[in-house]
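Below is one structure; the comments refer to it alone.
Going by the order they are written in, the chains are A, B, C and D; count residues from 1 in each one.
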C-alpha cells in the first residue's frame, strides 16, 4: 500500500501537468475573486445567512476537480468553490444560490453552498458533515449496476468531518464494494474553532486509509503541483480498478469559518508556517517560474475573471426571487401526492 | 506504536499468569456450561425471545475481564457470558434476565443479554451495535472529573460492530481524551451470516488503531494464554496513562448467531483452520500440560459449575415473574413526572 | 397454495427484480442467507449481483441508496429491524426526504422496516417508528395490514418517486395467510374500510387491524356494528375516508400500538376534529401502546399494546357517551 | 443591566458550574470559543477543564454523557444546531431515554438544542425537532419562551433525573430581553397562562408565544380577548392548564412553527378533544409550519411559519364558528 507519493517521481511528472496546472490555476483565481465578491456582498447585507469561503484551499479543490471528466461524479463541500467551477458549475449559480433566486439550483429553498445539479453528477450537500460520502459511493454503485466502468467519483470533507460516523461507514462501505471513489480530506487545521488536537489523535489522517484497506496519500495542500500529482495518481488508480482512494491535503483555512467569524482563535504561528502559505500565490509564482505565463498574463486572467463575475452578478441581479405564491410547498415528486392533504 | 505483542516476550510473561489462567479457565467453563443450559431451556420453550451464546470466544471474553479490578468499568456485548461472570455477575442474573423475572436486573423489561448493573460499573447494552463504546468512554471521563485516576474501562464489540459509525466516533473521542479505555474486538469471522469480506476490506481490524492514534494488538482468540498476555499488557498500558487500547482477537463463532440459527452458511473450511479451534479445549489441555490441574480437577470444576448452575436455576425458577399490575409503566426517574399525564 | 404476509413481501421483491432492472436489494444478511426473516430467501441466487449483503452501517446503506437513486436506480433497503433504522435517521430525514425539494431530483428509495414485536423481542427489536418518519416532510410511510397489501403496496412503494418507509409488521409475517395472492384494489394512498359498520369507527393500521376486526366481532355479538378503517398509508393520511366513516357513525376510536405522544392516533384525531368536528357525537378516543419502551417479558408485552378486548371495552364506553 | 434570552442560558450554565461540581459542558466549539452562539462565552476560562470542545461526533458526545451520568455527573451537551442532534438520535432515544426503565439507573443529561430559524438559515440550521423527541418515552422536552424561563428551566433541566431535550430558540436569543433576571414562578412541568382572556385559547410555545401574544394584541383592538397559554414543557404536557383555559373560552387554536404531522399541535388537540371534548364550542384548529423543510430564502421563510397576522386571522375565523 502506498501511503504517500514518492518524492523522486515528482519532477518527472510535473511537466506533463502543465495544461492542468494552468487550468487549475485559472479556476483558483476565479474562485478567489468570486469569493471576495461574496464576502463584500455579505458585508453589504445583500446575502441572508452564512457565507462560507475556501480561501487557502483552492489548490486541493481545483486539483481534484480538473482530474475529473464530465461523466464523473463530484460531491464538493463547503469550501470547494474552486472545484465546483472546475467541474463545470456556471458562475451565475454561485450568486443565484447565495441570493436564493427562483432560478437557483434549489429555487431559493436552500442557499449558499447547498447547491448542485445531481442529475449531472454534481451533488448537492446537506449540512450534516460526512453524509455526502455514502451518497457519492451509492452513485458509483449505480454506475456499476448500469455497466459504466469508466466513471469515478470524488468527494470532499474537512478534518472535522472525519470524526463523523457517516465518514467511517461510507469509507468502509466503499472499500468493501471496491468503488472508484476518491475521498479528499482537507486538513485546514481547524473545524470552526476546534484545532486538530481536539479533533483527532492520530499522526496524520491518512493513517486511516490502512484501516479501511484502501490506498491513501498525503499532500501539501498549499502546493498545486503536489495536489495535481496526487490527484492525478489517485484518480488514475480509482479509474483503473484499485478501489477507493483517500487523499489528505494539509493547509490552513485563510479565512473565518464563515464571514461572521474573525477567526481570532487561529494560532498565529500557523500562519508563518508551511501550512499557512497561500496556495494561490505559490501557484502564481510557480507558473511564472516555469514561464507558462508572465505577470501580465496573470493580470489578464484576473481581469477576465472579474469581468465574468460582474457579468454573472449583473445577470443574476435581474433574475426573479423566490415568491411564496409560486412556491408549491410540496416536498413530494410523486404527482398524486402533490394534491393530497397531508 | 506497538501493533502486536512481540513473540519473544511471551514465554517470559506466561508463568506469571498462572493464577489468572486458571481463574479465566474456570469462568470459561462456567460460561460454556451455563450457555448449554440456556440453549436447552430455549429448545424446551422456556425462554421467550432470542438466546445468544458466546461459544468459541470465551477466552477473549474471560481474559479481558480477569484483568479488570472491581472498581473498573466493563461493557460486555452479546457473547460475553464468560467475561460477565468473571467481572462478578451473579449466576442467578443470567437466568433471571432470560426469564424476565421481576428480580432480574431489568425487572423483565428487557431480556437475555441486555443486563448489567451500571451503578456497579457493569454496563447494560442496548441492541444497537457500537453504541456502548462511547458510554463506557463517558464513564471514564466521569471518573477523571471525579479524580479517580486508577480505574480503567473495557468494552467488547464484534467484527460486524466495527462498521458502525458509533464505533468510529467513540474510538476517536476516547483517543482525543486519552481515556483509559480498552476496546476488545472479537473477530469471529461472521456478523450473523455476513463474512468478513463483506464487512471490511482491511487486512486486519487492528490496522484501525493507528488511524485513531491509539495502541493496537492482535491476538489468537482461541489461545487463552495469548489472550491473557495481550489483555494484561493492554490493561496495564491503559492504567498507566497510555490512552485507549484496541485488541483484536481472532476466533470463530462456534454456534449460530442465536439459537434459532443453524449457522449453515459458515464456511466449513474455517472449522478445521486455526480460528476454528475451541478455546476451551485448548485451555484445558494447556492447564494439564503445565500441570496446573489434572483431568480429575477439571472434572471437579465442571461438576461444581453444574451444581452452581442448577442451584441458581432452581432458585430463579421460584422467583416471581413480571406482573403487569405491579409494573409502574413509567419511564421517568424524576418523581414528579411519574404522576403527570403524558 | 397459500401465501403468507412475509411470502407476499418476498414475491413482490422477486417480481420487482424480474420486471425492473433498476431495482436492487441491499441490507444486512439479505444475500445468500435470505435475510433475518427470510424476506429475500433465494433472491440472491435468482438475481446474481442484485441482492447484496451490507456491512452494519445503516447510515451508509441509506446514503448509498440515495446516490444510486439519483443515478436512476430503485433501491430497496432492508433494515434488519425497524429499530436499527434510527442509526440512519439523518440520511433518511435530512438527505432522502429533502432531496426532491432541494434539487428537483426524485429520490425513489424504499426502506423496508420489519416493525412491531413478538413476545420476547424486547425494547430494541419491537419498535413501531412510523410516527417519527411521518412527522418529517417528504417521506411516504406505508403500513400494510393484509397479505394483498403487503404485496401490492411494496410494488407501489418502489414505483413511488419519493422515499418510502415501508413498515411491515413482524407479528403478521407468518400469522397472516391467504389462499390465493391477488393484488389490492386500492392504490397506496387510500385507506380501506376493512369492515362496514354504523355505530362507531375504529381507525387502525398494520397489526392493530386484525385486532380491531376481532373487537368488531366481539361487539357484533352485542349488537354493535363497528366500522373498521385500515389507514394503509400513514403519511400522507387519507383522512377523507376516515371522515366519511365518522360521518356515518358519529364516533371515533383510534387504535395504534405505538407510543401515544404525537403518534398516528394523535394526527388522525387532530385531522378529524379540525375538519369534521361537527360529525362527532362523542369525544374521539385513542388506544396506544403504553408510553414506555416495548417490554421483553410476554406478560408485560401482552398488556403494553391494545388488545381486541381492550378495544371492545373502550368502544362500549364510547358508545355510552 | 438587561439580560437577553441567550445571556440567561449562559448565566444558568455559569450558576450550574459554580454550584454543582457534577456539571460539565461538552459540545463543538463550546470551550475557548464560547460556542457558535456564544452561549458558553468565558465559561471555559472561568471553569478550567469543565467546558470541553468535542469532535464532530454527536453520537459519541451523547453516548459519553450517558456514561458520565451513570457515574454521577450532570453533563450538559450543546448541539451546535438542533438539526445536528439527529446524528445522535439513536443514543438519545434508545440509550438515554430507556436507561432508567431498563436499569433503574437515572440518566440526568441535558441536551441543549439551538432550535428554530433566522432568515437565511435554510433547511438544516432551522429545525424544531421537539415532536420527534416528545414521541419517545423517557425524554423530557422543554421549550422556554421567556428570558426567566430560559434561565430557570435550564437550571431545572440539569436537576431533572431524566434526559432533557432543552429546545432553546435561536430567534429569541438576542431578541428577547428583560431588565432584571428573576426566576420563573412555575416549575418546569407547568404550562403558563401568558395572557388572560376569555374568548379563545391560543396554545403555543417557544418563539410562537411572542407571535401569539402579538396576535392577541391585534385581536384585543377588535374587542376579542384571547387567552394565550405557553406550554413550556412539551413532554410531558401539562394538559390540565390547557383544558382549564378551554373550559373558560370554549375555543382552541394551537400554534406551532414545526411540521404538522404528529406535532405538538396534534398532541395537544388529541389530549384536549379526548378529555375535554364537551368544553369545545367550535372545532379545535391548528397552525403549523408548512409540511416542507424550512426554506432558505427570507421571502419563503416568512410565510413558512405562522405569523401574528395569520394567527389573528385564524382566530377570527374560529370565533365566527
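A few remarks follow.
Here is the rule we use: a residue touches a chain if its C-beta (ideal position, glycine included) is under 8 Å from a C-beta of that chain, and two chains touch if they have at least 3 such contacts.
Model, not experiment: these values are computed from the prediction.
Listing every chain that touches subunit B and subunit D alike gives A, C.
Across A-D and A-C, it is A-C that has more C-beta pairs touching.
Distance between chain centres (mean CA atoms), subunit B to subunit C: 36 Å. Averaged C-alpha coordinates put the centre of subunit C at 30 Å from the centre of subunit D. Distance between subunit A and subunit C, defined via averaged C-alpha coordinates, is recorded as 40 Å.
Subunit D has residues 54-55, 57, 59, 83, 86-87, 90, 94, 97-98, 101-102, 123-124, 137-138, 235, 237, 261, 290-293 in contact with two or more other chains. With touch defined as above, residues shared between interfaces to two or more other chains in subunit A number as follows: 106, 109-110, 114, 126-128, 163-166, 169, 172-173, 176, 198-200, 331, 342. Chain-to-chain contact here is organised exhaustively, every possible pair of chains being in touch.
Those residues of subunit D lying in contact with subunit A across their complex are 28-29, 31-33, 36, 53-57, 59, 81, 83-84, 86-87, 119-125, 260-261, 290-293, 295-300, 302-303. The part of subunit B that touches subunit C in the complex is made up of residues 47-50, 100, 106, 108-112, 114, 126-130, 160-161, 163-166, 191-194, 198-200, 265, 321-324, 327, 329-331, 342. Against subunit D, the residues of subunit B that register as touching in their complex are 105-107, 109-110, 114, 116-119, 123-124, 126-128, 131-143, 145-146, 165-166, 169-170, 172-173, 176, 331-334, 336-337, 340-342.
If you check the complex, the residues on subunit D that touch subunit C are 83, 86-87, 89-90, 93-94, 97-98, 101-102, 123-124, 131-132, 134-138, 235, 237, 259, 261-267, 269-270, 273-275, 277-278, 280, 282-286, 290-293. In the complex of the two chains, the subunit C residues touching subunit A come out as 24, 50, 54-55, 57-73, 75, 90-91, 94-95, 97-108, 137-138, 140, 160-162, 187, 189, 235-240, 271.
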